[in-house]
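In the two assemblies presented below, chain A is common to both, partnered first by chain B and then by chain C.
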Partner chain A sequence: MSAPLLETKKVSMVFGGLVAVRDVDMQIEEGEIFGLIGPNGAGKTTLFNMVSGVLKPTSGRLIFAGKDYTGLPAHLVCRQGIVHTHQVVRPFRNMTVYDNVRVGLQFGGREHARRESTHDQVMEILEYVGMAGRAQELARGLPIGYLKRLEIARALATRPRLLLLDEVMGGLGPTEIDATMDLIRRIRDSGITIFMIEHHMRAVMGISDRIMVLHHGETIALGTPREVSQNPVVIEAYLGESAV
Partner chain B sequence: MRKYWPFMLLFAMVVLPLFLGLAPNLDLGFFSYYYFLNLGFITFVFVAQAVAWNILGGYGGQISFGYSAFFGLGAYTTAVLWGMYHWPMVLTFPVAGLVGVIFAIIIGLPTFRLTGPYFSIATLGIGEAMRVLMLNINSLGGASGMNLPTTIPGKMWFYYAGLILVSGTLAVSAWVRQSKFGLALFALNMDQNAAASLGVNVALYKNLAHMLGAFIVGMSGGLYATYFQYIHPDQVFGFQASISLVLMPVIGGVGTLWGPVLGGTIYYFLEDTLLSSLPSLHLLVYGVLLVLIIVLEPNGLLGMAARVQRWWRARQKEHTVAFPDAGKGALP
Partner chain C sequence: MAYTSQDLLTVLVAAVLTAGIYAAMSYGLSIIYGVMKIINLSNAGVMMLGAFTTFELFRRAHMDPFLASLIVFVFYFSLGLVMYRLLVRRVVTSPPISSLLLLFGVWLVIQNIAILIWGNQDESILSKYTFATVSVLGLPVSVTRLVVFFVSIVALGLVYFFLTHTYTGMAIRATAQNRDAARLVGIDVEKSFMIAFALGTALAAFAGSLLSTIYSFNPDFGRVFQLKSFSIIVLGGLESLPGVAIGAIILSFIESLSIFVMRASMQNFLAFTILVVALVVLPNGVAGLWQRGRG
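On to the complex of A and B.
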């Protein structure tokens, strides 16, 4: 088997006296959809923020495509090919949808993406996520479903190798969830590896190849959706001891 | 037509003094040829600074109260190079700008680690620190200020020099707006962390915008010093110089291309009137004005104009579209 695309080696994050993430070892293979679940406060977003360079781990190493990038600032992590969406959407509110995508195209991703940014490329991405008709609208006027898509569109514009999705299903209705699951599968099929945090169990169980469960900052289970959902430790973490 | 009006404005500014110059001794009491040239020059210099401030402050959203440092350093650079070392006057202006750029790098590196209001607060002391420093450097005049050579070109020369400075600055500002550089500034203005996560080198673009603004404000400081032939730390590094740079774009419309032009023009007239009629209260008037604008219309006069325009269009629509058949036909 080839080397994993992303590897974390005993990464930990300590805020003051609180250990948010403790010694997490993880390997994500190229081309898979890797789900990350866990109860609230388990440290999922903290782990994401370390992988994307927003936070520098207190200890441990981060390796992407065989290269150690621990401590690299966020914008350079993005240019290596790792991009993330935000749990609470953070569009550039007073920009058009079009310009939001243009930021990703012009600045993000690996070298080739930064050299040229054309109208066609922007529109291609907007069509891909189904937002071409809203290109000239201001981001601040969009409903939440579209804002979630815009997060994905902007991230895709950086031409990533690894896409980190932080609860993209949150706040969506059942049909929108199905459409987003379909979109995520299409993104994976186009060659982009997906690492996603998701609370919506049907979605995450339905599309993940493997799932990791985090509880109190530590990995308590790792495996296929089927293995994880039958794991007694996981059931206990979610439902409490009496449920076992 | 809409597209060409900036060039028509520029053309008017170019030919107006030539036209008025046909009767240079005409005095209408409040208005004369020389008054016009004087007013023109000072307004151009103020507006150029406001437009320059707006690149980082408006597009990038980083409100700095420290720009008087660049203005004063530019003025002193020209005073030293021209007055003491006898450089050709015009050559000192780009050097004045470069001194501003170097100082912008020095203060940018620590202050840009702060965001939002913390950045603004950190910049509050910069101009003041420079003022106190210059008051105590006796080889540069200290508290008695510095005299510059009096061998200066005529008012007409200054009028056109100011016009070139302001047009150049506006062209730069217009270019930034539509460039990749501008896109980065707008993005980091709206959400710095989101911009960084999409690959925008936030620190780099903030510093570039700061340096660009400092260059223009430094040059305008040099030009200002040659015009007035005398500079004093209280005047060129004064807090009011910094405040006025923030006020001009805020009055006109912060973050827009033409807002600082409108704001700067109005500001200078306002200052001229206020200083003579309410000399002790004029700072209070600015304070009240600033609060009112920020509370009522954060987008300044241009924002207000857009609001009036929207209201007017809506009104027109109401009358012509909503009930197209109203008033026609007879009641049953």
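On to the complex of A and C.
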């Protein structure tokens, strides 16, 4: 079997005295959809921020495609091929949809050389996420469903090997969720590995190959959606929280 | 005393010409605020240094003051890079008070160095343009003011082109709009900060250089213009070039037209009144009003 695309070795993040993530070991294989779930405050977003280079782990190592990249700044992590979309969308508000994608095309990507993006490349990505018709609209005027897609489009424009999706289903209606699940599958089928945080259970159970459950910063379960959903420790973590 | 339509026209032409340099001197402050969200109080000191540098190039090297202003631009761009690397880099992500105090300190240091070098008296540049006039719409207009106006407009146009049509310019705009997102799509945000700071510094020195051909100056030069710049960028909504242009036009017209109703020495009072009124009534500036109107 080939080496995993992403591997974390005992990564921990401590804020002051608070341990947000403790000794997480995981391996994501190329081409899979890997789900990350857990109650609020479990450390999911912190783990994402470490993988994308926004936070430097307090301890532990991060390995991507066989290379240790622990401590690399976020913009360089992006150029290695890891890109992160946010739970709270962060568009370039005063740019058009088109220019938002163009920025991703020009600055992201794996090679360091500057490239000129072509009109076709921008439009291809916009077609892909179903936003070609809104190319010339300013990002600040878009409804939330489209902003979430724009976030994905801009991330795809950096030509990642690993796409981190932080709650892309949040705030979407049932039809939009189905469309987004379909989009995520298509992205995976195009050769991009997906690592996603998702609260929407039907969605995450429906598309993930494997799921990891984080609770109080520690891994409490890892397996197929079926295994995870039947794991008593997981059920307790969730029920325990809702009972409070 | 009665005023003629000729007087009005003279004042309006003067207002347009002043608006050009007002926009140029304010845009540096606006770029730095827009990209880094820090208020660059050292701007005033840099403006003054731009004026004295032009003065020295003119006096010692007999250089044309407008040619000197180009050298000033390049030199202070480099100085801006150095200031960023040595000082500003350390406070970009700190609470605003740190950068405010640091850059206020830089201003005081610059001002006192200037007093040591040039003393506290007023200097001025008397070049071949100083007393020349040409006729515009049948009115005599100072050549200096006309050249300053066009040079300001061209400079702003070039900066705008740089920001909207180049790779680095796009990175700077993206950083201004959302620095976290910029980082995540592979933009070197530190580099955007550095270039924005250098560009803002260069524009301030360049504006100081142009102003030195019109006004006399001393080491305190720049203070009044800096305060006017604040009024302009607040009016204009802090970070857009069209906003700054509109703010500059508004301030310049109000100041110029006030000559009909109050003493010229009261003009500075107007800039501050506008600043206060703008902060209370239009906290997002004229551009904010326009954006709200468009939903």
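Heads up, the rule we're going with is that the second predicted complex is superposed on the first by the 236 of 244 C-alpha atoms of A that agree within 3 Å, B and C clash if a C-alpha of one lies under 4 Å from a C-alpha of the other, contacts with A are read in each partner's own complex, and residues count from 1 in each chain.
In this section, a contact is a pair of C-beta atoms (placed from the backbone, for glycine too) under 8 Å apart; a residue touches a chain by one contact, two chains touch by 3 or more.
Small disclaimer: the values here were computed from a predicted structure and weren't measured.
J.: For the overlay on chain A, clash or fit between chain B and chain C?
T.: Superposition check on chain A flags a clash between chain B and chain C.
J.: After the superposition on A, what does A:154 contact: first (chain B), second (chain C), both or neither?
T.: After superposing on A, A:154 lies in contact with both chain B and chain C.
J.: So, A:83: does it touch chain B (first), chain C (second), both, or neither?
T.: It touches chain B and chain C both.
J.: In the overlay, answer first, second, both or neither for which of chain B and chain C A:94 touches.
T.: both
J.: Regarding the shared-chain residue A:103, is it in contact with chain B (first), chain C (second), both, or neither?
T.: Once the two structures are laid over each other on A, A:103 reaches both partners.
J.: Please work out whether A:141 is in contact with chain B alone, chain C alone, both, or neither, and reply first, second, both or neither.
T.: After superposition on chain A, A:141 lies in contact with chain C alone.
J.: Thinking of the overlay built on chain A, is A:63 touched by chain B (first), by chain C (second), by both, or by neither?
T.: Neither partner.
J.: Given the touch rule stated above, what does A:75 touch, chain B (first), chain C (second), both, or neither?
T.: Once the two structures are laid over each other on A, A:75 reaches both partners.
J.: Overlap the chain B and chain C contact sets on chain A and report the shared residues.
T.: In chain A, residues 52, 54, 73-75, 78-79, 83-84, 86, 90-95, 99, 102-104, 106-109, 114, 154-155, 157-158 are touched by chain B and also by chain C.
J.: Mind pulling up the chain A residues that touch chain B in the complex?
T.: Touch residues, chain A against chain B: 52, 54, 73-75, 78-79, 83-84, 86, 90-95, 99, 102-104, 106-109, 114, 154-155, 157-158.
J.: Quick check: in the complex, which residue numbers of chain B touch chain A?
T.: Residue positions touching the partner: 180, 183-184, 186-187, 190-191, 193-202.
J.: How about chain C: which of its residues touch chain A in the complex?
T.: Touching chain A from chain C are residues 167, 170-171, 173-174, 177-178, 180-189, 295.
J.: In the complex of these two chains, what residues of chain A are touching chain C?
T.: Listed in rising order, the residues are 52, 54, 73-76, 78-79, 83-84, 86, 90-95, 99, 102-104, 106-109, 114, 141, 154-155, 157-158.
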